[in-house]
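Read the structure below first, then the notes.
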Amino acid sequence: MAGPDLTEIVEAEGHLVDSQLLNTIFDKVIEHQARFEVLHFTIGKTNDEFSQLRLKVTAPERAILLNLLEDLMPLGCHPVADRDIYLAKADRDGCVPDDFYSTTNHRTYVRRDGRWLEVDDQRMDAIIVVDGNKATCRLLRDIKIGDAVVCGFDGIRVSPDFRERDRLGFAFMTNDVSTERRVEVSVRKTLTMMREVKQDSGRIAFVAGPVVVHSGGVEHFAELIRNGFVDILLAGNALAVHDVEHALFGTSLGIDLDAGVAVKEGHKNHMRAINTINRAGGLRPAVEDGVLRSGIMYEAITHGVDYVLAGSIRDDGPLPDTMMDLVAAQERYACALKGVKMVVMLSTMLHSIGVGNMLPSGVRVVCIDINPAVVTKLSDRGSSQTAGIVTDVGLFLHQLATQVRTYQNTEINTVRREADA
Amino acid sequence: MAGPDLTEIVEAEGHLVDSQLLNTIFDKVIEHQARFEVLHFTIGKTNDEFSQLRLKVTAPERAILLNLLEDLMPLGCHPVADRDIYLAKADRDGCVPDDFYSTTNHRTYVRRDGRWLEVDDQRMDAIIVVDGNKATCRLLRDIKIGDAVVCGFDGIRVSPDFRERDRLGFAFMTNDVSTERRVEVSVRKTLTMMREVKQDSGRIAFVAGPVVVHSGGVEHFAELIRNGFVDILLAGNALAVHDVEHALFGTSLGIDLDAGVAVKEGHKNHMRAINTINRAGGLRPAVEDGVLRSGIMYEAITHGVDYVLAGSIRDDGPLPDTMMDLVAAQERYACALKGVKMVVMLSTMLHSIGVGNMLPSGVRVVCIDINPAVVTKLSDRGSSQTAGIVTDVGLFLHQLATQVRTYQNTEINTVRREADA
Amino acid sequence: MAGPDLTEIVEAEGHLVDSQLLNTIFDKVIEHQARFEVLHFTIGKTNDEFSQLRLKVTAPERAILLNLLEDLMPLGCHPVADRDIYLAKADRDGCVPDDFYSTTNHRTYVRRDGRWLEVDDQRMDAIIVVDGNKATCRLLRDIKIGDAVVCGFDGIRVSPDFRERDRLGFAFMTNDVSTERRVEVSVRKTLTMMREVKQDSGRIAFVAGPVVVHSGGVEHFAELIRNGFVDILLAGNALAVHDVEHALFGTSLGIDLDAGVAVKEGHKNHMRAINTINRAGGLRPAVEDGVLRSGIMYEAITHGVDYVLAGSIRDDGPLPDTMMDLVAAQERYACALKGVKMVVMLSTMLHSIGVGNMLPSGVRVVCIDINPAVVTKLSDRGSSQTAGIVTDVGLFLHQLATQVRTYQNTEINTVRREADA
Amino acid sequence: MAGPDLTEIVEAEGHLVDSQLLNTIFDKVIEHQARFEVLHFTIGKTNDEFSQLRLKVTAPERAILLNLLEDLMPLGCHPVADRDIYLAKADRDGCVPDDFYSTTNHRTYVRRDGRWLEVDDQRMDAIIVVDGNKATCRLLRDIKIGDAVVCGFDGIRVSPDFRERDRLGFAFMTNDVSTERRVEVSVRKTLTMMREVKQDSGRIAFVAGPVVVHSGGVEHFAELIRNGFVDILLAGNALAVHDVEHALFGTSLGIDLDAGVAVKEGHKNHMRAINTINRAGGLRPAVEDGVLRSGIMYEAITHGVDYVLAGSIRDDGPLPDTMMDLVAAQERYACALKGVKMVVMLSTMLHSIGVGNMLPSGVRVVCIDINPAVVTKLSDRGSSQTAGIVTDVGLFLHQLATQVRTYQNTEINTVRREADA
């Protein structure tokens, strides 16, 4: 039954050891029941040097070899022989040829007419469309008849983000979802990362679920906004509704957050909040008219944060600001996320996975949730750059705002002392 | 500062003790820092008899009294003096007067011109609109200028569903989220309930997340459909995508379900699945054209199950069948759920909360999830009739399908023996 | 098959409604497939008045009736006809007659020679031994041949602790394990309760797991000890080992708690810690000799906290202070817990269940754990007075210590202002 | 402040890439803020060949270098220059010199008089004592004055178990705690592993918590015992108590497992169970006298399973068989585990960690628990060879017993067909 073995030679270069690419490459070959032979391997002599691999893979049949090569590509392996990409035309809107190339979230290059083009708008599960010298990630649903679509796997190079070894001390946290950690330390590392991003004039996006409100995080999150750490706010209808409910009535889901008990019209307060915003014509007019005078959405609006509220099947209302057309909402999310350097995810699996799908792998992600399963799921879906912190999100924000304040006082005092001297 | 005390006399009738209404009524009074005096209480002498309560509540100020009375209403308490409802006109679309009455999910009556009208389309967080002799629950967003809206709390009677004491042995499970239970027993009770509903020609809705596929539940769920236990299927895009991926390629999220390892093009299989269905023009044409030949969606289509796929921010694709306009999707869900007697929720918090919001409290709900927090959240949001089963959803469906088969064999043999005799 | 129905008349008195005893009594009757008829019920007219119940229960056979009566007893129901207890002799050590009465954790009285005796050392799952006018709870293993053991259920009255309606606002928390709560509020309530206990010169016990150390709680817990809030400390070997490791080396399980990374000999630090304490001859000599100069155990020893370390199968070492004879350890735990008014359980299921078993139901219990299942389990095992707080234990202690400090500053300032005035 | 840099050259050999040793070695160096230079690296050309590493590490001070070398040792790195071990005498019982070597759970060799000795009784957190040509792991508490203890880190070689690449398809499961997996596949792999062990005449230990009983696993676990898959049973008092309660009264914690409701004397059944076994004089006499006729303990006793019940602070009773002296219990556990090839852990964190501490790393471990945190904790504590399956333990055992039966029928039929042919 078995024909002659088929082989291919592939190469990879980079921090292959510390990014765990090397062992993953070997694992993949064995998983496919193929064999490998290392033709050449030069290890990076120091922490900064690259390693180089040349590998011969052998499979018993062509289908296996092709599948294997496809799986090796996201790990940075490419055939030694440089060929141009194969382009095929989409024969109808929203459809591509069967052998289309489906993207990862890693930086990708395609070779056309002997030249390597970097692919724009990198994200996972997209199609690469080539137009002249421009290669772009496009969602399947946005494919138009006649688009030139990258197929097969010739002429494609994927450049997995090499995990920088412990530069920010976050390496240890990646995929580490233990609850037995000192949260103050994770807060400090998150803040360090946020400050680095801001110093480079980078933008930070926050993805937030309503638990931020229920768990008492409103004032602390508002403080982060006032301190300029929040450039983009991506959330669902519920965050805004409960934030407004809290601002107007002091309750969240009918629970008085200060007293901790269900009181006074609690049941209907979130509906009253929606009614009030509906009457004002939306959140922004409500702020302008002085109807909404505090809270997360108030701060976001008064500080020019770019916010997007995406609807879902469980929404009450929704608020006029909530986008119930999810195709449009995904586009607004993706647009807001362009060029962000860091994303902080606060207790919302739905929106976090949504955002994770849209990000290139170079963006740093910190995910805070009291449920360890949320971080695990994010990683399982390919957002492996995620650092997870399993803790109470209200207390986390409390700590984060406190450390911001402490830091700023220190900085101010330093400036003063220097001025005095 | 305190003026003279204000009092009101309210009445309630029903299974006040076993539904835990009596103690909740007293708790509410104390929570509001009001006082109560029982003027009259007749206890149901036996398990079947009603109890009757007449209660005087006293509050230090009018606002507290009004809030208290509002909170007592969902518990079945109404003022002794029967008054008509107060109706006010909506002054613009999507807005109601500030003192609007926000509904619970319990059966509700309103009194107009001295006559009690049962409210149609009962669900929580809705507005009651009265038109002639017809009172109907309407979503805030569906309110039109000029609608006659029930305000205040005169003339409203809420009839909380009295928990039937252990008729199906489910009482014990309500809100009981322990993982230390024998699942076979819960499966048997679920099946008994399902069979009772079917014997009365009732309809059963299933709400299903993609974990049904990942955890190996496809063949078992398909068997339930073939056996006629699934009238309605409510899900998101991901369930259908992974079901199709499994049907076409044998994988789910790129994991080969039979081998349990990530193999062969896994990464792109779910995108290929979407592309295939896109090309066919949707799930139904894919079934008709023989492209899709097995799985949950295949069985649902070939057995006439009413299915609705509602979109979300995390969707890939989506499939042509997935409704990305969430207002329309909520309407289709609500429409499909009209008159159902039972809902089984399989491992999806998002869609389960969405469905819970739409159901009147008389519908029996069974929620299966390996994460205890999901059941807790459903109950917190008012779907207190939910029986939770904390277990592996794949194994649960395996058990359920096996028990269905065992039962049917027994029944067939009984029929045969009777025919022989 | 069925003989004539058998009936019995029972009575109960107390806060039957708000303690949810009334509905539980009725539920029990139905569960046993018996029937009930309310002969008489007087409801407490106000929040302070008692209710009174006289109930006729009817069962199809004697065994069911007896079982039912036994199950009704912990709910405060007793036969109308007062009879004396039935005493039988233990025929060998550690064994009792088959129909022995097994205690609950509620206050209990037994009737001998027409007089009611309150049972001493109340705890659950014990035997009542009567000696003259003294009735005492005794563990089965401590029963000696010839002991007079209460059997059957004549002459026994159980007085369930009536849940005080929201006196401390804790009612709402009982068995409420939602993660969607504002922890600051729970902290405040816990502190209020602790201060009330201390004002009445009551004692407070803490049960603590090693997560207190891992999650950065050491300094905060130490502060609570210094402030006099910790009278008793019950823990396992691991808490002490990791606390000593942290005090000596700054690590916990080899993780540097300040840097958050695994560094420097981490792996062996806990073994070095044990070796150091072994050499000193135990924790107390280590403190006296200046070997151990900080941390939880240091503060406990220098502030006269009564501490007990109970061993387990997973212990390394153990430290000389750890009791590896678990019968002796249980006795020391029980002895330390005598007369405590409040127990705070910090992230240890094992020791929390152990302590829960020993407490009478009147002791207030607050259980803090990031895992909701721990609180659920405690309640399932009968410690229903437990208020659960699902949060990060390190941050909880941080908050608690901060609120203690804030409170004390306020108090001091008030005193000063009053002195000034 | 900084003196001249200090360097050392170390070597390692083995499956350094696929066991992820290579990147972990590099990570360790960076963590310690040291530097590395690869002097030589030969990669294994194929899946079967070893790799070889020679590494120069440089640290700014001696303490850091020593700590680093200590941390590299468990990863298989040893100084190039072979030296003999340094032995020091214990100066008192239970104490060792400060620079003692603390073991890992990996196979270890020590060099004495130029010869390498394999260390006996390998386990983690032990001391190596050398007596003539014999080197043995000994617990700190078992150290006697005068014992020759290995100190420093000269002359020690650790041989980390190289993870075999996917031989049993378990690699993918290691540390993978997702709940989104098909359990049937994990069951099949577990059974394959169990059968392989039995075919090589290896022994299998089960560690079981009481959830096995509560979740309905008794009959299925009993079947595994009858089929010869259980050589050793390690558990706590609670497993045996609830198993006996179930055997005698059909309940577990007072829940009727078949009806799923709390019935008939449930509260006291576990105390009655203990009383019955006490009267019989223990489990074994209870079986011999016909008092105990079914269940896990019955099958274990009648099939010669070596069982050990270790006590804990939460134990009721305990049964006469339960060892309440935990030093003795640890010794019996360790003794029973000698030479086992596989351990299956069923829903008990306490006993699983206890067992994990005692095992050399070459023993295969499968851990089943519905709570993902349990598996995570096991791995955090060094039992990294653990494959975790997050599922309902009752249903898992049901599946496992079913697959055993299916397999055996297939085998029998094959034998028959062969006999027929």
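Order of writing sets the chain letters: A, B, C and D. Residues in each chain are counted from 1.
Everything that follows uses one rule, which is that a contact is a pair of C-beta atoms (placed from the backbone, for glycine too) under 8 Å apart; a residue touches a chain by one contact, two chains touch by 3 or more.
All values derive from a computational prediction rather than experimental measurement.
Of all chains, the one whose mean C-alpha position sits at the greatest distance from that of subunit A is C.
Both copies, subunit A and subunit B, contribute mostly matching positions to the interface they share, with over half of the numbers common to the two.
Spacing of subunit B relative to subunit C, judged by their CA centroids, is 37 angstrom. Separating the centre of subunit A from that of subunit B, both taken as means of CA atoms, is a distance of 33 Å.
Averaged C-alpha coordinates put the centre of subunit B at 45 Å from the centre of subunit D. Multi-chain contact residues of subunit B, defined as those touching 2 or more other chains: 31, 166, 179-180, 253, 261-262, 371, 373, 380. Remark: subunit B residues 166, 169, 172-173, 179-186, 188-189, 211, 214-216, 253, 255, 257-262, 370-371, 390-392, 394-396, 398-399 touch subunit D in the complex.
On subunit B, the positions that touch subunit C within their shared complex are 17-20, 22-23, 26-27, 29-31, 35-38, 41, 43-47, 165-166, 171, 177-180, 372-373, 376-377, 380. Interface of subunit B with subunit A (complex): residues 31-32, 64, 67, 70-71, 74, 92, 94-96, 98, 100, 102, 104, 125, 140-141, 236, 253, 261-268, 270-272, 274-275, 278-279, 310-318, 320, 324-327, 329-330, 333, 350-351, 353-354, 357, 371, 373, 380-381.
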